[in-house]
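What follows is a pair of complexes built around chain A, which joins chain B in one and chain C in the other.
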Partner chain A sequence: MTLVRIAWRNIGRNKRRSILSALAVSFACAVLIFSMALQRGSYADMIYNTVHAHTGHLQVQRAGYWPDRTLARRVTSPDAIMAVVRALPHVRAVAPRVNAAGLVSKGKRTFGGLIFGIDPVREKALSTMADVIREGKYIEEGDREGVLVGSLLAENLGAGVGDEIVFLGQGADGSLAAGRLVVRGLIKTGVSEMDRTTLAAPLATIQDAYSMNGGVSEVAVLLDRDKYRHEVAGEIERKLRERGLTNAAVLEWPTLLPGVEQSIRIDWNSGLIMYAALVLVVGFGIANTFLMAFMERMHELGVLLALGMRPASLSLMVYLESVLLVLLGVVGGLAMGIPITRYFQVRGLDFGVAQETFAEYGLSPVIHPELSLLVLAWAIGIVVLISLAAAIYPAVKAARVKPVEALRHT
Partner chain B sequence: MTTRTRLIALLGAALCLTAEADEPDPTEIVRRGDDLLRGGASYARVSMDIKRPEWSRSLVMDAWTQGASNAFIRILSPPKEKGVTFLKKAREAWQYVPSVDRTIKIPPSMMLQSWMGSDFTNDDVVRADSLVVDYVHAISGEPVEKGVAYWVIEGTPKPGAPTVWGQIVFKIRKSNFVPDRVDFYDEDGTLIKYYESSVIREIEGREVATRFTMYDVTRPGYSTTLGYDRLTFKPEIAADTFTLRKLTR
Partner chain C sequence: MKLLEVGQLKKDYREGKTWVHALRGVDLQIGEGEFVAIAGPSGSGKTTLLNVISGLDSVTEGQVRFDGDDVTTMTPRQLTHMRLTKIGFVFQVYNLIPVLTAQENVEFTMLLQGVPAAKRKALSLDILSRVGLAGYGHRRPPTMSGGQQQRVAVARAIVTHPRLVLADEPTANLDSETGAKLLDVMKELNETEKITFIFSTHDPMVMDYSRRLIRVRDGRVDSDKTR
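Now for the complex of A and B:
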């Protein structure tokens, strides 16, 4: 305890030197907090946007439906499942869907497409389907033959609003699925892959054509917050088991959108390596100031040893000085980093310039940094680890100081 | 062309010919196997049994073919598919669906999709001679199993050919050129599906497989068996059989 007090006083002895060392740590810490929070925030936005675009946070499917998505593996009692899910807290919207594949044709042109059978009212509450209509209008309730067509697909087919198209596919029982639909609206999500293949038609029409017998491929569930996802999934599973609906499975978006989950993980990990490299550079700077401070005080250290201080204690004292400096730096870093991050978390950071690129990945150009314990832990962890590693060298040198030489040192 | 280059070309051709005479040309073997069913013209009443873990179903159809390029198929049952017709000319295909009264041309992007929900793809049906013309063949073995002598022939895609497989291995009976088994591998060398002949009969002097099955290795429980209930190589084919007009009638 005395050593800590001595170390603390030593720091106060040369205020300017100490403040500079601590500031280096502070800046590293603050920069890390802000950029990590920004990164997490962009993930949160990415998740929000992709989940809201179509998938939902959770989906109830027939066990074994994923990942082959065979039409025959269908949810046979969607209404009972939706009733259970809707009653749970945090559930904002629930929508049934049939995911069918087929050929879509108009006149002499034919293309492959993915036809979603949707409940227009429920779908509107869950996904952005109704918001991405660029021409015409959304399907109304009670419409039996309307269809929304991806803008690129419509272009390829040469189909406009009011035109009739024909679809052809294979039903759940293997039989031929065919029907006529009338284009009500064109959808443009900005994701060309979707705009080139997507169609959405009334649920009952697609159920009948594809011999689904009233079944659906999935029940999508939208929550108010992503963080409740796991909890609600468990709750749904429990409730369904209670009601004897045992062949249903609850899948969370990371399973349904493995690409999003993976790109987040890759981006985060490569970010961590970047930050560690950045802090390593700062670490060399810190090591340098620590070492300088140590060399300047050689005479003083020699006196301490001559007075009978043990080398181990001396080494510990030097190390404690560094620890205290790092701690001061971290406190300063938090004091700088947290308010700045919070400010932009509320206000949002507009990257308006790259709007198109952002749209392609389902991102909005405004990013809200997201401060979390995870971010603080990583930022502090990296900074503390590297600075304390940098402080080892002077401490080791202190243990080897020879009193006589040190006293002669000027 | 100078006389000398012409002479060299001739000599080269002669050399090739002698080389061919010594051992059977693998491409020719595959072609003969393929020609058994598709050479000349044919009419067949075919039943197609599709098996899936969740369901199984049978389709009955009439099929007319002329050479490798023309084919016309009319589905007779089940009722939901009755009257669906299918026309193949060269490397294009059309399907007519009476319930929506529409003729649909199968787009190139859909060629790898299942044909009428079976384990045969549109590509299998439309580009049937692709296995002969788009691959380079080499004999890799001549095993004798249960007293039957076979050629095992490996086909690898010709550079630039529009092929879907990385490798195809044919096991063809020496006695009658019937392919007993054909294995389809992807580019990574993984077996994706295989075809097996189960009944071989003599029809009008030709020995042909009248019952064969395609198995999807990637999806257990998936298979499609084709059986010829009637088959003749001397059919009466109306002049307008292979026309778009015929589809809707």
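Now for the complex of A and C:
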């Protein structure tokens, strides 16, 4: 017979109240597990969509290219790098690119634009550029003069499919870069910044125009899972070093797109605050239950003190009751939350109402919650921490009970 | 040998806006092995006197020496230890812990004392048998009669062989036959174990069983007779 056993039996005194309290904890825990998993799942989708939209999981650039992105700092042997990268496990696609800037004109209209030189076949395997064409068609292999234009830029230029546009910029060697392109398709990513500035033309055409001498700005790498990113980046660096390609740098998407990682972090942290607020409400309810259970037994607590129980032990016993009840609730929460989350992790949660909006931007309207140890640890941590904090008050009160006053309670 | 010495004991407490003078200068000496009843009408100060003797309540003025120690100057921790090791309690309404079995209730004070489990079990079964409850160890209080519960309370009070058992109206909720049986048990324990018993009571039967009867009235000792 220990304090734990007494505490356990005390929980069974008012079964209905204990069950309801445990259920409140269970419900809070299950809601947190599902919501957090959904949140993590949406991040996974966000990362998936972001890396597929353009950047890839990794990029091999020349050391010092990032963040100024000067054309002169180019990768001079893209084929050798691509051969190394393609041979690695978890690598799904590799695509070379030139990232140039210039003025784009049609008739009297001129706008600034970001001109990407792409390998149409490799780019199609890596990014969603081919999927976001709203009008016209994708650039075919061997096409030397075709260009895909962002829908807003095309609107500003007054250009449509089949129209000619000209570009003007500065080459890698400081020379004038200029050329004529024919609009093959209009792309709409949903990101107005991109739709207002983007042009994608055949790699060789842009390499020639911008005096890249066969070099590229970056080699984008798409992996089968984001979780291998760090491992593959390390492996690429090691292999490149082995082959003497020491002036290459491997950058991961959080470096290339710091905003995405920051927005994920902000969203996660604000989510944690919201969850804590939710559990706090549950915590007040639990505190009330614990306090009621404590007050109802005031006379009995007085007896225990009269018999020689130390106030600290009494406080511990009261607290243990709360701990056991919370643990029961957490077990219930796991029993509810894990199967539900797993079900939707497999089937996906369909936000069908917004299907058109999702589709327009090349996104899937189905989010798959991502259950992980991190999610479970956070959910359990928040629930346990707040619930047990709520139980401190009755425990402290128990430690301050005056035996003679408690014995007068009936 | 004096086990308990109370000198000019006063106890005042506040009840709402008025001060109650519960004890107004009690002088008392009780020796080891005595079987004493403190009788008096409601509000005469009987329970307050027991509370002060056991250190459950503080004194306003005066002295309480128990087993050679000045109870009035003890720290709460010392008082807790004193109650745990030297005093047993029997309350009017049994006050057993309802979630524990009869045997576990008896074991409880030994648990607090740190007595090993095997010894606790042996002692508790033995004492339950002595109070006529052999075979009732597994029963929980709500499934027992009032008399049985009070006998468990007595077993709990004496299992650790305390110097003193304070019994606050122990027969008040029992019929006379059950009350008499309980008093027989306590009397026998007093005679065989030499445990000192102090009762606060209204019950004439308890007064009859006691060798010494102290009557209190208005917070003072009115009479003190030994038979």
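One rule holds in what follows: the second predicted complex is superposed on the first by the 395 of 410 C-alpha atoms of A that agree within 3 Å, B and C clash if a C-alpha of one lies under 4 Å from a C-alpha of the other, contacts with A are read in each partner's own complex, and residues count from 1 in each chain.
Please note the rule applied: contacts are C-beta pairs under 8 Å (C-beta built on N, C-alpha and C of every residue); 3 or more make two chains touch, one makes a residue touch a chain.
None of the values given here were measured: they were computed from a predicted structure.
Asks: Aligned on chain A, chain B and chain C: do they clash or fit?
Replies: Partners fit side by side after overlay.
Asks: Kindly classify A:Pro403 by the partners it touches after superposition: chain B alone (first), chain C alone (second), both, or neither?
Replies: A:Pro403 sits against chain C, while chain B stays out of touch.
Asks: I'd like to know which partner A:Ser313 touches here: chain B for first, chain C for second, both or neither.
Replies: It touches chain C, and chain B stays clear.
Asks: So after the superposition, what angle do chain B and chain C open up at chain A's Cα centre, nearest 10 degrees?
Replies: 130
Asks: Answer with first, second, both or neither: which of chain B and chain C does A:Lys15 touch in the superposed model?
Replies: neither
Asks: Using the touch definition from the top, say if A:Thr70 reaches chain B (first), chain C (second), both or neither.
Replies: Once the two structures are laid over each other on A, A:Thr70 reaches chain B alone.
Asks: Could you look at A:Val166 and tell me whether it touches chain B, chain C, both or neither (first, second, both, neither)?
Replies: Only chain B is touched by A:Val166; chain C is not.
Asks: In the overlay, answer first, second, both or neither for which of chain B and chain C A:Glu300 touches.
Replies: In the superposed model, A:Glu300 contacts chain C only, not chain B.
Asks: Rounded to a whole Å, what is the shortest Cα gap between chain B and chain C in the overlaid structures?
Replies: 68
Asks: Both chain B and chain C touch chain A; at which residues?
Replies: No residue sits in both footprints.
Asks: Using the touch rule from the top, collect the residues of chain A that touch chain B in their complex.
Replies: Against chain B, the touching part of chain A is residues 68, 70, 72-73, 103, 105, 108-112, 166, 168, 170, 172-176, 178-180.
Asks: Which of the residues in chain A come into contact with chain C in the complex?
Replies: Listed in rising order, the residues are 1-2, 6, 9-10, 12-13, 299-300, 303-311, 313, 403-404, 407.
Asks: What does chain C use to touch chain A in their complex?
Replies: 51, 54, 56-57, 76-77, 80-81, 83-85, 89, 91, 95, 97-100, 104, 107-109, 111-113, 117, 156
Asks: Quick check: in the complex, which residue numbers of chain B touch chain A?
Replies: Residues in contact with chain A: 50, 52, 54-57, 78, 80-81, 84, 95, 97, 99-100, 102, 104-107, 109-110, 113-114, 116-117, 219.
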